[in-house]
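Have a look at the structure below, then the notes.
Here the chain labels run A, B, C and D in written order, and each chain numbers its own residues starting at 1.
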Amino acid sequence: MDFNRSRLPVAVLGATGTVGQRLISLLANHPWFELTALAASDQSVGKRYADAVRWHLPTPIPARYRDWIVQPSRPPLDARLVFSALPTDVARQTEDDFANAGYIVSTNSSPHRMDADVPLLIPEVNAHHLPLIESQRRRRGGRGYIIANPNCSTIHLALALKPLHDAFGITRLVVTTMQAISGAGYPGVASMDMVDNVVPFIGGEEGKMESEPHKILGALADGHIAPAPFRLSAHCNRVMTLDGHLEAVSIEFARKPLPVELRVAFADFRGEPQALGLPSAPARPIVVRDEPDRPQPRLDRDEQNGMASVVGRIRPCPVLDYKFVVLGHNTLRGAAGGTILNAELLVAKEMV
Amino acid sequence: MDFNRSRLPVAVLGATGTVGQRLISLLANHPWFELTALAASDQSVGKRYADAVRWHLPTPIPARYRDWIVQPSRPPLDARLVFSALPTDVARQTEDDFANAGYIVSTNSSPHRMDADVPLLIPEVNAHHLPLIESQRRRRGGRGYIIANPNCSTIHLALALKPLHDAFGITRLVVTTMQAISGAGYPGVASMDMVDNVVPFIGGEEGKMESEPHKILGALADGHIAPAPFRLSAHCNRVMTLDGHLEAVSIEFARKPLPVELRVAFADFRGEPQALGLPSAPARPIVVRDEPDRPQPRLDRDEQNGMASVVGRIRPCPVLDYKFVVLGHNTLRGAAGGTILNAELLVAKEMV
Amino acid sequence: MDFNRSRLPVAVLGATGTVGQRLISLLANHPWFELTALAASDQSVGKRYADAVRWHLPTPIPARYRDWIVQPSRPPLDARLVFSALPTDVARQTEDDFANAGYIVSTNSSPHRMDADVPLLIPEVNAHHLPLIESQRRRRGGRGYIIANPNCSTIHLALALKPLHDAFGITRLVVTTMQAISGAGYPGVASMDMVDNVVPFIGGEEGKMESEPHKILGALADGHIAPAPFRLSAHCNRVMTLDGHLEAVSIEFARKPLPVELRVAFADFRGEPQALGLPSAPARPIVVRDEPDRPQPRLDRDEQNGMASVVGRIRPCPVLDYKFVVLGHNTLRGAAGGTILNAELLVAKEMV
Amino acid sequence: MDFNRSRLPVAVLGATGTVGQRLISLLANHPWFELTALAASDQSVGKRYADAVRWHLPTPIPARYRDWIVQPSRPPLDARLVFSALPTDVARQTEDDFANAGYIVSTNSSPHRMDADVPLLIPEVNAHHLPLIESQRRRRGGRGYIIANPNCSTIHLALALKPLHDAFGITRLVVTTMQAISGAGYPGVASMDMVDNVVPFIGGEEGKMESEPHKILGALADGHIAPAPFRLSAHCNRVMTLDGHLEAVSIEFARKPLPVELRVAFADFRGEPQALGLPSAPARPIVVRDEPDRPQPRLDRDEQNGMASVVGRIRPCPVLDYKFVVLGHNTLRGAAGGTILNAELLVAKEMV
């Protein structure tokens, strides 16, 4: 492997899936990363990428990658870092194989998210969890490691919770999601399940939303993460939107703020990506809308190139302290964009 | 007015609207009521009903009413009872006019719902509130009075809450709705607001949902209703379903039941309409589905001819005690069917 | 096999699919047929029907069939007639096996539709093709035979064409379809392909629509069908409707009628099922709507229990002679209901 | 009026509507035009633009215009050219007033489209119709005049027809449209008409589509346009897509080409905007897709910034000569983008 290049060589695992397609689009003109390999499952290996993929984005396949030959999702690949958009059933082993072989793995898949020494990373929220990497590297006995992106609904919830938790101390919250169909990949949700309908169930989703935020917002002490102690209940629903997960939140604090404090905490929030000027960082990670009927998925999901969480409808809650709505793009910040931002943080922190 | 008929003569106010259409369909073959007049706004008065209405139901306009001439929404009408599906802005005055002129008004409109001596009636839930009618009659100085149907989301919530409140004592709940477009009437919600979208706001809806259940589940004492003392928070959203409001509930009790007790309380619930055998009463007012992904609007809204609430996904809540989902048809039990069932109760109780 | 029963014993092949579900619902209370066996693919064989099926209809699984054990789709089955809703890839051989074993097969699948001695049957249109059965029986050397239902779009087109062809002689027509997602079965069309979208392609559909009507409307002479000689072009599109195929037709005649003649030909049309009083026959096989914006899928697909074709927008065509729109339910008359009506015709004609 | 500016001062009439919003977005950074005034109906006059408009685009209101005060849609306005997105009922008189007062009017509204001396302009198709302006100026007795944009469905059809008509001579065609809801503006189509539905009727649309192409593709001779002599039949349908009109075409030629000639004629087509390098001109006005299932509205409407027509599914037609599908963005090239491109052509031709 030859890394004498001005940009870091990266590969995409699961390159033909919906998240893989987003990754490739976002990496096509990335200032820090150079896409060097596309890998997918055995049925795609050896084919031209344009033949292997069923492309779903309104922008075309970046021309330079159309004729690339799809490679197996196994080491070695000509890359220093691999972005993983692998399906759950193969992700655990494959990602371990890459990490153990010395690669950095920035994954969007779920199997390693709750591993004790894998940072479940949202750069604005818990960049201070990166020291976990050193223990992970020791465990693996090499330079390779895994960092994980949270669940697509969790990311936008956790982004919105961060400034509130820091300022007021969250004690309890109830969240109800209305999630887009792209979250299930392709073919994913059958149209017969979605026409004139809502499905009040997404397999495994409530469990992820009820566990991941505790880790993400937890404190690092003695090399371990102490889960944030608030209580969290999630109701997850699938609705007929293409992109953009909408979440209705009721929340209680240790110290109840004034409404204006809540708004200011959201709007003024900035994190490491903004301080470091990471290429994919939104100028404002949380955008507040003051109209009574916003945010809305189709109108607001592309805010800040789909990298922001959009908050609105901040108002008192008769049961807990406040209610608000948060929306975010599930395949940009919630998946492909999030894993790229994670990798940018590693570069900026000189951990590659 | 001549009431020497075997069935009670009834009229429909607001006969051209979406709820009015449902009323007419349901009354076309009603065993106890005889539809005798169709009334609507001045722009429809004097027209044939078939010319005045833009009919939205998949079943046709009942043939016998097509040529009826639309009458003004003012007394007198050849009827003992009037069903009101009037728009909010004219409902208050018009309904008072009819009640003061001696008519019984069974309304689906909101203005009188919270009046102290107007029963906000769901026959399975609070038939014991009917004595309010006597004080109302005294106030009006005649035989006329108003009874009101709750908001379309409130009805299904309150139906589901009734057996729980009786058995375990509700202390707090958070509900998030995903409401169908027919709830806004026609033309109502613009398609540009609904394609690939959710609108996390419905004007006035959260206020109704947060106030009405306290009255409905309140106790009648000394001729007044003492509001039920639980705390309730509502998040209301519009989604692209035609009919059927879906509601995700987190709930806390004074005495926390076992999960099986919760299920039994729902499934075994029966009320006055079932005891009295009212014509529009569902055999089971609450139907429990045990599949992990039910109820769903398109599949379950027509349960028991759209007169039942369908409950599913009963499971522990990490913040309050339990979570569940409730679904119900918003223009049948939630509007037209509810006002007819209310009127049937009056007949059975000999209050007409 | 014991056929000493008052109703004809029938089985359903492909009982777990979407058309199979419709068949079972329609057969549950059929006056002439007694459902005696449910058969499906090997992965369902041996399971309770309620466990094997993913039920999609808003009405529940008929209670008596829930616990039936799914049988293999192979002879023998305890039935005289089998309804086939098998997938295309297995239908050809399996249906031949049943027919050669002496069963009557009423199929909705496509492989045998264009076989020379298989009636491609719409009872109102070409009951006079039934003599083909005798040659087929001779070929098979027994009492068994196959009759086929046309494609779901073809059926409604051919029904609408029949009275026109008889009266005015069709010479050319262009039809553009907007077809419902249920036509592709379940899971069928991915929701990501349908949200905010139309897919202007349905694999194989245009070929079927451009060939089947020539056979259906052809003349039987000397034991063979001479294809109807008109020219037909089809454009097939998939749109986000659940049920109901909508078709826009431009048509030219040998003798150009007056508009009123066209309307009368549609509205007065009756066929054998009406004359014979078949249980599933619609009173009017073609219903004409005179409103400028009808028929519409959601409002008109259930006309005559989903067994009618609904025609509207009859108007002159600047290129051919006339334009009109025809709509019909694709899984009722267009699939399950059609195969049952076909079987009813066989019973009425004493061909079972 | 002071035109000593580097860019041409332009105003938008009907600035609060959906096409008005698109115009403002497109003009915000236009190299040749400087937006100087926003005009709308009396109910908006005097308000801040951000208060008067209900903004529907996913990109925000250009910041500089938020606080502009909405002006009346009457002369004088501080502009040389006005873009008109006025509603039909007021467009005829208002546009005449501006033209008679010396302004150039580039309109998207329909009333003047078929006026004999008003170019019905698609720059790639009939830039040679611009001499009509001189007769119009003479009629009006000044420098002002009107040019009109065709109907949103007509534009994409006419663009696709142009290279075919030039090369092979169109004799007849039948087109069936599946049109997006944004074509009806806001609130426009009710969601209750669109959920699980198609409406096979759009008021006035078929008449426009059957008349406008004859003018657009007509020849200019002796100062008049001789309508193109082909015969054209249109079926217009509304489907649940946000943007992008899809049209299925069957077409016959004076000289029947080979399929490859058809494809080449589409793909190689260029017009004046490409030759002149107009700022809004797509590099390729017609883009050909070779996949069997393209173009699709959501995936292809933004091709070339929404300024191209996308053609696919070129195949033989059993009735006429060929079939194909054409898709285009109805509010970009089909409305706002089209009127801007028209104005750019005027600038390039020094007719302002």
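As a convention for this text, a contact is a pair of C-beta atoms (placed from the backbone, for glycine too) under 8 Å apart; a residue touches a chain by one contact, two chains touch by 3 or more.
Note that the coordinates shown come from a computational prediction; the quantities given were computed from them, not determined experimentally.
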item	value
A-D against C-D, pair bridged by the larger set of C-beta contacts	C-D
Greatest separation from subunit D - chain, by CA centre	B
Subunit A and subunit D, separation of their C-alpha mean positions in angstrom	41
Gap in Å, rounded to a whole number, between the CA centres of subunit C and subunit A	48
Separation of subunit C from subunit D, taking each centre as the mean of its C-alpha atoms, in whole Å	43
Where subunit A touches two or more other chains, by residue	56, 193, 195-196, 240-242, 298-299
Subunit C residues touching subunit A - in the complex, by the definition given at the top	18, 56, 181-182, 186-196, 240-242
Interface residues, subunit A side, partner subunit B - complex	172-174, 176, 178, 193, 195-201, 210, 231-233, 235, 237, 239-242, 246, 248, 250, 292-299, 312-313, 317-320, 323, 325
Of subunit A, residues touching subunit D in the complex	56, 58, 195-196, 242, 298-302
